[in-house]
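Should a chain be cited, it is by its letter among A, B and C, assigned in written order, with residues numbered from 1 in that chain.
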Amino acid sequence: AVVNRIDVTGNERVEDETVRAYMTVQPRRAYSDQDVDDSLRALYATGLFSDVAINKRGAVLVVSVTENALIYKVSFEGNDKYDDKMLLTQVKSKPRSVLSRAKVEADTQLLLELYRRKGRYRATVEPKIIKLAQNRVNLVFEINEGDKTGVARINFIGNHAFSDSRLRDVIKTRESGLLSFIRSTDSYDPSRLESDQEALREYYLRHGYADFRIISAVADLDRERNTFFVTFTVEEGEQYTIGEVNVQSSLASVGPEELASAVRTDPGDTYDSREVDKTLEDIVLEVSERGYAFAEVNPRGERDYENHTINITYHVDEGPRVYIERIDIRGNTRTRDYVIRRELDFAEGDAFNRVLINKAKRRLKNLGFFKDVAITTQRGSSADRVVIVVNVEEQATGELSFGAGYSSAEGVIGDVSITERNFLGRGQFVRAAVGGGESTRTYEFSFREPYFMGRRLSAGFDLYRRQYEETDYRSYEETTTGGNLTFGLPLNEEVQLNLTYSAYQRDFDVADELKDGCYMRKYNRGDPIPRSCDRNGDGKFDRNLDTDEASLAVKDAIGETFTSIIGYSLIYDTRDDIKRPRDGYYGKFQQEFAGVGGDVAFIRTTVEGRAYREIWADRGIVGMLKVKAGHIESLDDRLKLPDHFFLGGETIRGFGTKGIGPRDGMTRDALGGRYYIAGTAEATFPLPAVPSEIGLEGALFTDAGTLVDVDDSANFFRRVNVVGDNGDLRWAAGFGVIWHSPFGPIRADFAWPIVKSKWDETQVFRIGGGTQF
Amino acid sequence: CSTKEEEFDGTPADQLYNQGLALTNSGKFSKAAQQFDKVEKEHPYSRYSQKALIMAAYTNYTSGKFDDAIIAGRRYATLHPTDPDTAYALYIIGQSYFKQIPDVTRDQKMTEKALAAMQEVVTRFPESEYADDANRKINITRDQLAGKEMEVGRYYLERRNYVAAINRFRVVVTKYQTTRHIEEALARLTESYYSLGVVSEAQTAAAVLGHNFPDSEWYKDAYTLLREGGYKPDEDKASWISKAFSRTGLI
Amino acid sequence: CFGRTYTHGYVVTQETLDQVPMGSSRDQVLLTLGTPSAIGRSGGETFYYISQTREKMFEFMQPEVVDQRVLAVYFDDENRVREIGNYGLKDGRVFDFISRKTRTGGADYGFLTQVLRGAGNLTPAQGQLPQ
């Protein structure tokens, strides 16, 4: 058909010219029905019109349109949980844009969904349209939020191995209760229910329940009381221990025995899905090193129902031969490309291997720079090529934080610190902190580059100045100013070698100064008190100072000493979580050589070992064994007091600070020792009575240890009555309460010495905490 | 429910529009943008609303409110697709993205958007006065995207992963041949192929570099590198590099 | 126990070699082995697939190229596979790991020595442009 003119009717705001521009039909040229359809679709696509009709009248094509009204203003009423500004950004209908029935409907659903996510299931949203002159409207969303739909009760059906309270700890949804005003996790959120089920499955699979199944997770709403009852029905199945384990490989030159070393699931262990995953990872790495970069490893379990064992066979075979064509990094508006790219073990051109991708994802998440990391793949330019897209969602990595704490030794202490973990998007760590208390002043600055010279080798330095005034526990003032340089060389995923150089200037002084004829003893509370005076100026003091005098050993150390140390340490760390470890080991062997310049020379060797294990998973009890030992040997004439080891309440609870070991019988000053050994056995458990969301944990522990062999080779020691240097084992036991507060863990311990030496200083109660940095 | 009529301050369209113009001339761009928004809101059917919309896009852009400028520009282009001012609206959109281009070590999403918008200006309005600046901006954005490829290529070259490095420099040679990074890309190809041992490809890369950019610093480096090993630039027509260049007839 | 090995580029296994028997077409080779790292000319066209093996003793070190392999697929003038060689360096000399023979001559002997000698002392000239 052909028309020689196109007329447009019904338009007010949009010009005829604009409507014609969108149409594929042109005057005096043939057009088909298809052109009409295309034009209709194009006109609707502009969103300007609520209705379009095209019909031919003789030689004229008439396009009659009804324009969508124009929104003058969008407003919300009755909204409290979300402010207007935020809602305005969410809804599609914007001021000055065109009103469309579909958009308003979509906005209403969107608002309801937003309120469901805040746990407001009773919320209602009413869109109201108010006509204005010139085909304009006001759009008002009348919202009635209704009060919070809490979660009255979470219960589990079918769980025998783990108690309801233990499982409630595993999932994130909480019962509304005491702290519901500050927490949002106690309101019902369907998406969180999904992740709760995943958490339950993962928990059971880690504790041997290979057949675990969630039959249903139901949340039914009690309308009147506006609360939810969440019920998880589970089928635990049996707890399996591992029977035989073998590896079958279809790869020509790789025999199963060669892969046996990579298997972590040993016969007799309880089945643990994490160990299976780690085994998959190790086998793939082992096999890809032999050139089979495309290997795939699939575990298959045969269950033996009588004696509840599961035989695992790892099938290793050739996966699809796909290469990585490109790796595109997206979403990094702050972090630089290479900071992300260097965490990937694979590069462009390498073989595509799913296991290495999961490992990279884990590594990127551990950086702590990203809220979320998603690695997806897209088809490459040919069948055997794939493009990997690493999409990151960045989060704030800078913190300005205030810490406050109380420690029995230093009284109230507080600090202010600024930390940036991703400095200038280069992955560098920078921290500056100022701290103080009644008797302390600390200033610290530290910087660390995780990839020094482009290698996975961290290099960093710290500068600090710490002033400790004299207190009831310390009869001297000590100001240390110094810095250290550390290189961290990871040898493999678990073992790291650190090389350190540190140098510090220590200014050591005793507090008594002579003022108008009297020796003034400074105490940290109140101004100095005259202790012994020479009223008439004849040089004789009214009291013999010696009794309260600081120990000669302390006086011997008065003055400034500069110490310069090089050292190395080997660290082995397989703890599952640094803040609250439940499983894994930590070992450290360190040797330091002072005497590279400086005034003192010694060799100091320390060793530490810690083992964590979940001894009773059901009650959430975590056991920890710790052993620490140290030896220091002077290389020049003798070891001065401050360089000795000191042992006390911070390691063997139940004793005072520096409460153990050799002491000056007269002045009771601790003299320190050259050997020490200390051990701890502790069990921590969530307090049964207290709801777990408050974060209170109890602990039962026993500490033991000793400190011996003060260096008394100096001749002044002939006049010092050294006591307590007998090396018997001190032993104490007690209990503690830990509160994982929003400010960080705060811990109070009550411990009683069972075996102690007459000269030791004891202290039953000790508290410490504030933000741990 | 309240209809908040009072906001409708009833100044006629032309007065509002002129206030906006006055504010623009005196440099108060964000205030001007508000006036132009008012014109469009309160007098959508007056002929000023069309002019106000384009001015809103301009003033939002100059006062740095890029998102608002893009929304206004996009609405103008939809409402008046064939109008010559749409060229300016699209140009403003391109400029708004262009101003947010990050350095090469970051996600180049904004660069890609700027490129697409400027290309829309050039394809839909080739003769408009903004076409040649749009073309210039296209070259700059393409140069930036080529820079990103070079950045990643150098990353792999530094770690001696020559296969990966070659792929990245290949993208620059095939897709971004007209950007100023082509010289370095050819030199890096010489270096990568040479280190990998494929000397024939290294010679081709150096030869093509020599033909097209005889006095470039990069060519001197590539030439000396080959000569140290006793080789000299020599083009093998079968190589993908010379094929990539012969297609564009640069030689 | 600390070291890690990485293979980059093309990975040759017996399974893949069986899929490109003598006489298979150029497209068949492109389909199974993919795009070659380099194309040469000795008689008919030749596809070279280069792969690198890199090793590092400890996690913090930079991986070093320790071995370089070239899979060479020779075509006759009808673009049919005439011969395949999987070359690597064996005590300093070019060795064909398929025919188990030491290569001494052949048109691309020069090319192969360059690539493989590179593996011997890592790269022929370890040439680095000024960074």
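In this text, a contact is a pair of C-beta atoms (placed from the backbone, for glycine too) under 8 Å apart; a residue touches a chain by one contact, two chains touch by 3 or more.
Since we're looking at a predicted model, the values are computed, not measured.
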| item | value |
| --- | --- |
| Which of A-C and A-B has more C-beta pairs touching across its chains | A-B |
| Centroid-based (C-alpha) most distant chain relative to chain A | C |
| Mean-CA-position distance for chain B and chain A (Å) | 40 |
| Between chain C and chain A, distance of the C-alpha-averaged centres to the nearest whole Å | 46 |
| Junction residues of chain B, two or more chains touched | 158-159, 161, 163-164 |
| Where chain C touches two or more other chains, by residue | 8-9, 62 |
| Multi-partner residues of chain A (each touching 2 or more other chains) | 347, 349-350, 454 |
| Residues of chain B that touch chain C when the two form their complex | 158-164, 187-188, 191, 193-201, 221-222, 225, 228-229, 236, 238-240 |
| Chain B - residues contacting chain A, complex | 1, 3-4, 7, 37, 40-42, 44-45, 75, 78-83, 102, 105-107, 109, 148, 151-152, 155-156, 158-159, 161, 163-164, 167-168 |
| Chain C-facing residues of chain A, complex | 251-253, 285, 288-289, 291-294, 318, 321, 323, 345, 347, 349-351, 382-385, 454-457, 489-493, 495 |
| Footprint of chain B on chain C - complex, ascending | 8-9, 37-41, 45, 48, 50, 52, 54, 62-63, 65, 68, 111, 114-119, 123-131 |
| Chain C - residues contacting chain A, complex | 1-2, 4-9, 11-16, 31, 34-35, 53, 58-62 |
